[in-house]
Amino acid sequence: MSENPDEGRLAGWEARTEWPLTGLAVAFLVAYAWQVLGTADSPAVRWWLEVWLWVVWGVFAVDYLIRLGLARRKWRFVWRHLFDLVVVALPMVRQLRALRLVTVFKVINRRVGASLRGQVGIYVGGTTLMVAFGAALAVLDAERSDPNATITPFGDALWWTLTTISTVGYGDRYPVTTEGRLVAGALMVGGIALLGVVTGVIASWFVEKIAGAEASIEASTKAEVQALREEIAQLRADLRPRAQDSEPR
Amino acid sequence: MSENPDEGRLAGWEARTEWPLTGLAVAFLVAYAWQVLGTADSPAVRWWLEVWLWVVWGVFAVDYLIRLGLARRKWRFVWRHLFDLVVVALPMVRQLRALRLVTVFKVINRRVGASLRGQVGIYVGGTTLMVAFGAALAVLDAERSDPNATITPFGDALWWTLTTISTVGYGDRYPVTTEGRLVAGALMVGGIALLGVVTGVIASWFVEKIAGAEASIEASTKAEVQALREEIAQLRADLRPRAQDSEPR
Amino acid sequence: MSENPDEGRLAGWEARTEWPLTGLAVAFLVAYAWQVLGTADSPAVRWWLEVWLWVVWGVFAVDYLIRLGLARRKWRFVWRHLFDLVVVALPMVRQLRALRLVTVFKVINRRVGASLRGQVGIYVGGTTLMVAFGAALAVLDAERSDPNATITPFGDALWWTLTTISTVGYGDRYPVTTEGRLVAGALMVGGIALLGVVTGVIASWFVEKIAGAEASIEASTKAEVQALREEIAQLRADLRPRAQDSEPR
Amino acid sequence: MSENPDEGRLAGWEARTEWPLTGLAVAFLVAYAWQVLGTADSPAVRWWLEVWLWVVWGVFAVDYLIRLGLARRKWRFVWRHLFDLVVVALPMVRQLRALRLVTVFKVINRRVGASLRGQVGIYVGGTTLMVAFGAALAVLDAERSDPNATITPFGDALWWTLTTISTVGYGDRYPVTTEGRLVAGALMVGGIALLGVVTGVIASWFVEKIAGAEASIEASTKAEVQALREEIAQLRADLRPRAQDSEPR
């Protein structure tokens, strides 16, 4: 949404790392899902998953530092990428690691600017599914150790995610821990944004119909001006020979 | 929303089958409603209803295959009609059959493109009512066999549908089975789309007022250009006689 | 939203009856509120209130019939005023009488078309308040006779109305009777429309900023064309004297 | 949104007092938070906080009176600043004092008109956070003395604020006192406005893409007209010498 045209090196780096980072984010999600859902794994498997999650976090942290190094206006970069800073600086809050996924969202965002509305639909749909899946994992991870928890099996966590992101909120299940509520907050923001994007796409579609009609008036004005120009050219051609005629006289 | 202009044969088939398929979808809904609500029917009646529902499913499946056959770019067709594929490929999930109704939505969608906003209102209203009715049937069918179900008589199912599609979600009733939750998910998506369409229509109405003012500036520019053209034509007419005058000389 | 320009007589009648009917609707609301809230009134007072409510209903019914008589295309009128028909034809459903208030909404709608966005805000705000007040009365009237009712004192009915129209829906209070649920349905539709209008106004405000910039390009094109026209007029004036000069020759 | 261009003195005063009043509002919020959360403070501290809150209220009241004095059209000023009047006239309702914060919203609103959409995002985000924080304080203050209250510690009040402003409304916590419900109502209105602004910004972003394409047609029309003008100038230059030539003859 807010790209910096004079940050050439930064933009180049971001373009090159776009796909690798998206891939890493997906791998992170898979490993995180394994860790959360595979409660019967051997300690060795759990240890390797933990190591892998820390390695991915490290790669994201290094990427942030490199981008900060490449940016010309450092403070502006920090200000515009506050969210990235939060994601990188808070790895200790274990339940928030899934939110690092939202990086995918940002990566995708960058591409959408120049593309069509149909593609927006595909990206938004895909991102919503990924965010919902990640949020269901995160809330399950946060809640299941609490005795009063209502979001216990993974199926219920998915259902809770659905009722939250659509802002329906039946209240049959709701988070009771602070970490679960932070995940819920992120999901609600996502739900509001989702509503906004869906509405925006539909509204712009209607507006386009109107703008189309308007554009045709404009196109006819343009054709009118072109016809006029030809007429003038003709007039000049009419006058030119006479001007030459009259000269020898 | 995304029609393929070079798919002539496909478009022709879709135009011809539009109304028969809409009729079939309505007949499917009626038979499904009968099956769900008429619990006291004789086994023979139930058997015929079951046969009829399978026949309609078969017609939809054949229609999908014919359209696939007519499409020039097969993969693109499959990609753009993923939803149809899901509907045709999952007839085994009995509770999802009602969702086949959403085909009606798609059929209607195709028409709306060229029509007025007033008609959009009528179609959206009608489709919302049909989807809500179908969803109430489907959720009742899915839930009533569960001992913890709260959405038991049909009236309560309708009420639950209303609270869900409007994203109010009191939580006095909510689905507990997986099938019921899938129906709820489809309904929530429908609710978000409904909000989007209503907002889009209203926003475009306000924008049109503004665009109207703008269009009048453009129209006056056009009038200005036309006046200019006449002036030039006049100028040419003024010069022409002199040009002829001077020739004989 | 959809007015019929060729229905001169109908439009004239509607313009003349606009304010008296709005006044009557307000009087109806006051009498209805009295009837619902004044449970300790004497039988005579209650009888007069009942008579007055029936008289207002009669006036609305007569107004509908007159408008039907004045309309040239009867079926189109019936089709476009389905809501009015429902309101007039269902006076037996006592709890729905408050919905007749929505007539006020319609009366107001007619005016808004030509007016500014600021005024839309005032009308929408005012109508929302009136609809909410009427709905709170209607739901209280419908629910309080039910033993399981949770929306009992008027304060709680107002609170329930607020949670419903904003689509928050906590679920601490919810209607259990069919009449109460019909009122809730009308309120949810109102809530969706409210969201749509608020969003539409804000979106059109942002779009207007953009359109403003565009309009300035257009205005400068127009100025350009006007300058051009003057130039041509000048050219013609330059040529005219020579044309006259050369004629006597 | 609705500024009065002919109210020069009023606008000047508002421009000068913008930042001091914003600062005061923040100071008010801090003192209010201290009063609500610091239940173990000594009576002296509590007395000074109370005095300070009254002083800030007094400053806002004086500001309102000065603005009323500066306004040329008094009634129009009162009508357009009804909200300010309510805020100033109801200081006795102790729980509503936090709503005075919304003044910050209004102060910010004034600036946004001429600025970019990116900044709208920052202001809206910041204001939402402040309003949510203030509302959580106010609802906690209103509810905690009630025996049936469910919104008791400050963490739960923040959580309730989040579920309300996003219109999710689980219903695990809800206000039971009248003051708490008034706060909830203000928050719901804020939630609807928030949805509207988010959607509006996104919709206008999509519309801008379309408008951009249109603007390029217009720009090319303009270029066409300029080319035409040059052509005419050339034609005039072609004719001028001949006209001078023919004169001496």
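The chains carry the letters A, B, C and D, assigned in the order they are written, with residues numbered from 1 in each.
Here, a contact is a pair of C-beta atoms (placed from the backbone, for glycine too) under 8 Å apart; a residue touches a chain by one contact, two chains touch by 3 or more.
Keep in mind the model is a prediction, meaning the values are calculated, not measured.
Student: Using just the Cα atoms, superpose chain B onto chain C and tell me the rotation angle to the nearest 5°.
Tutor: When the C-alpha atoms are superposed, chain B turns by 90 degrees onto chain C.
Student: If you average the CA atoms of chain C and of chain D, how far apart do the two points sit, in angstrom?
Tutor: It comes to 27 Å between the two C-alpha centres.
Student: For chain A versus chain C, what separation do you get between their C-alpha means, in angstrom?
Tutor: That pair's centroid distance is 38 Å.
Student: Using the touch definition from the top, which residues of chain A touch two or more other chains?
Tutor: Correct list: 167-171, 195, 199-201, 203, 207, 211, 214, 218, 221, 225, 228, 232, 235, 239, 246.
Student: Name the shape of the chain contact graph, picking from line, ring, star, complete and other.
Tutor: If you draw each chain as a dot and join those that touch, every dot ends up joined to every other.
Student: What residues on chain D touch chain B, complex-wise?
Tutor: Going by the criterion above, the answer is residues 167-171, 199-200, 203, 207.
Student: What residues of chain A sit close enough to touch chain D in their complex?
Tutor: The touching residues are 1-2, 117, 164, 167-171, 174, 178, 181, 184-185, 188-189, 191-193, 195-197, 199-201, 203-204, 207-208, 211, 214-215, 218-219, 221-222, 225-226, 228-229, 232-233, 235-236, 239-240, 243, 246.
Student: Please give the residue numbers of chain D that touch chain A in the complex, ascending.
Tutor: Listed in rising order, the residues of chain D that touch chain A are 118, 155, 159, 162-163, 166-172, 194-195, 198-199, 201-207, 209-211, 214, 217-218, 220-221, 224-225, 227-228, 231-232, 234-235, 238-239, 242, 245-246.
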